[in-house]
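What follows is subunit A paired twice: with subunit B in the first complex and subunit C in the second.
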Partner chain A sequence: MKFSIQVNEGPYTHQAADTAYQFTKAALENGHEIFRVFFYHDGVNNGTMYGVPPQDDRNVQSLWSELAEQHELDLVVCVAAAQRRGIMDEDESKRHGKGASNIAPGFRISGLGQLIEAGIESDRLMVFGD
Partner chain B sequence: MTEKTFVYLNRKAPYGSVYALESLEVVLIGAAFEQNVKLIFIDDGVYQLTKGQKTDGIGMKNFSPTFSALGDYDVNQIYVDEQSLKDRGLTMDDLQALTYEDEDDDWAEKNSMHLVNREQIAELIGDADVLLNF
Partner chain C sequence: MSTLHTVNKSPFERNSLDTCLTVAATDSTVLMYEDGVAGALQNTSASSAISDAMGQGVKFAVLGEDLDARGLSSDRVMDGISVVDYAGFVQLAADHDNVQSWL
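Right, the complex of A and B next:
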């Protein structure tokens, strides 16, 4: 089956991001296709490269990056939600006169149309978060 | 393009969290994709449609006037949960009257708002291809 995933909560505060990650991983391991993972609301915070949790804790952001690399996942951070919350790639950072970008490897920034397209193109859109 | 039924389930008050505003942003962007779009307002979500919202005191942008533009985006299937209104002492008169112009009927102005019960809401959700929950 072709799935898309919507992640509406950031890492650590809610388990939703972990559950979304585990679902995505399990789906891939069971031979399903993940068309796209779309990060919205505070979910965009899954896409920062500056998360440094204690060493005995999981690093949610890195887990996503690693999964993306292994499976060529399309991890999309909503641009409007990201701008509000300070998640930027290099282009965005330059455009807004900020000093540095902070988007984690494997993530890209794009618009809400990518979420709608994911809904249209996938057999199921799974939403994780409050 | 494939046409699917997108149902947006709006459950939260307009202020206090960002979900209502960011749901409306998805609806507006999604309108460009010419899908069959339905909006349900339930629980505190019914407050999103109330008339006369004033947000000066909380320093937030009042985005409620945007709802009246939905008709122009061909978003004209709006369902309000009757029980949620009742529980909050509200009636349809407390809500904005959202309308659209029907191009198949000489642009006659028509009502977009439908008062529905829980069974009808279950049906709407059951018929959805894509359910977006905010």
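Right, the complex of A and C next:
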């Protein structure tokens, strides 16, 4: 079955980012397809590469990047939500005259159309948030 | 048309479980996860609403990992509520026609 995942909450907030990750991982392990993971609202904070949690804690951002690499996941960060929260790729950073980009490996920045498409193309859209 | 309802907040903190139960229909399942697992415990103020819904044919499940994370034994879960793992959560989502997250 084809799933898409919407993540509305950042890491280390409550539990939604962790649940979304665990659900995505379990779906893949059980032979399902993940069409897209869409990060919206504070969920865009899952897509920064500059998170450095203590070594004995999980690194939610890198877990997503690793899962994306293993399974060629499409991790999409909402552009408007990302701009507000300072999540930028190279192009966005240049366009806004900022010094550096911080989007984590495996993530890309795009628009809400990607969420709509995920809803249309997938059998189920799972929403995780606060 | 069957629906999987997912509830992630405790019924003692938010009213999402109550709201969910007003619309959950026969053949639907309510999955309690994250802090929502508190709703699955025996003898709470949420128990009678859950029993009533069970009587109407609504099924209930709770995420075992989230019980464990809170030190809650599955022995304390109400009869009739099945304890599932993440694979079971995925299966429930696949088995129902659609999913409603009560955030």
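One rule holds in what follows: the second predicted complex is superposed on the first by the 130 of 130 C-alpha atoms of A that agree within 3 Å, B and C clash if a C-alpha of one lies under 4 Å from a C-alpha of the other, contacts with A are read in each partner's own complex, and residues count from 1 in each chain.
Note that a residue touches a chain if its C-beta (ideal position, glycine included) is under 8 Å from a C-beta of that chain, and two chains touch if they have at least 3 such contacts.
Quantities reported herein were computed from a predicted structural model and do not represent experimental measurements.
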item: First (subunit B), second (subunit C), both or neither touched by A:G113; value: first
item: First, second, both or neither for A:A81, with subunit B first and subunit C second; value: first
item: Which superposed partner A:E66 touches (first subunit B, second subunit C, both, neither); value: neither
item: Touched partner set for A:F3, first subunit B, second subunit C, both or neither; value: second
item: Subunit B versus subunit C as contact partner of A:H14, first or second or both or neither; value: second
item: First (subunit B), second (subunit C), both or neither touched by A:V127; value: both
item: Dominant contact partner of subunit A by residue count, subunit C or subunit B; value: C
item: Which superposed partner A:E92 touches (first subunit B, second subunit C, both, neither); value: neither
item: First, second, both or neither for A:K25, with subunit B first and subunit C second; value: second
item: Subunit B and subunit C contact sites that coincide on subunit A, given as residue numbers; value: 125, 127, 130
item: Partner subunit C, residues of subunit A touching it in the complex; value: 1, 3, 8, 14-16, 19, 22-23, 25-27, 29-30, 32, 123-130
item: Residues on subunit A engaged by subunit B in the complex (per definition of touch); value: 6, 40-41, 80-81, 84, 111-113, 115-117, 119-120, 125, 127, 130
item: Partner subunit A, residues of subunit C touching it in the complex; value: 8, 33-35, 65-66, 85-87, 89-91, 93-94, 98-99, 101, 103
item: Contact set on subunit B toward subunit A in their complex; value: 1-2, 4, 6, 18-19, 22, 25-26, 29-30, 32-33, 35, 129-133
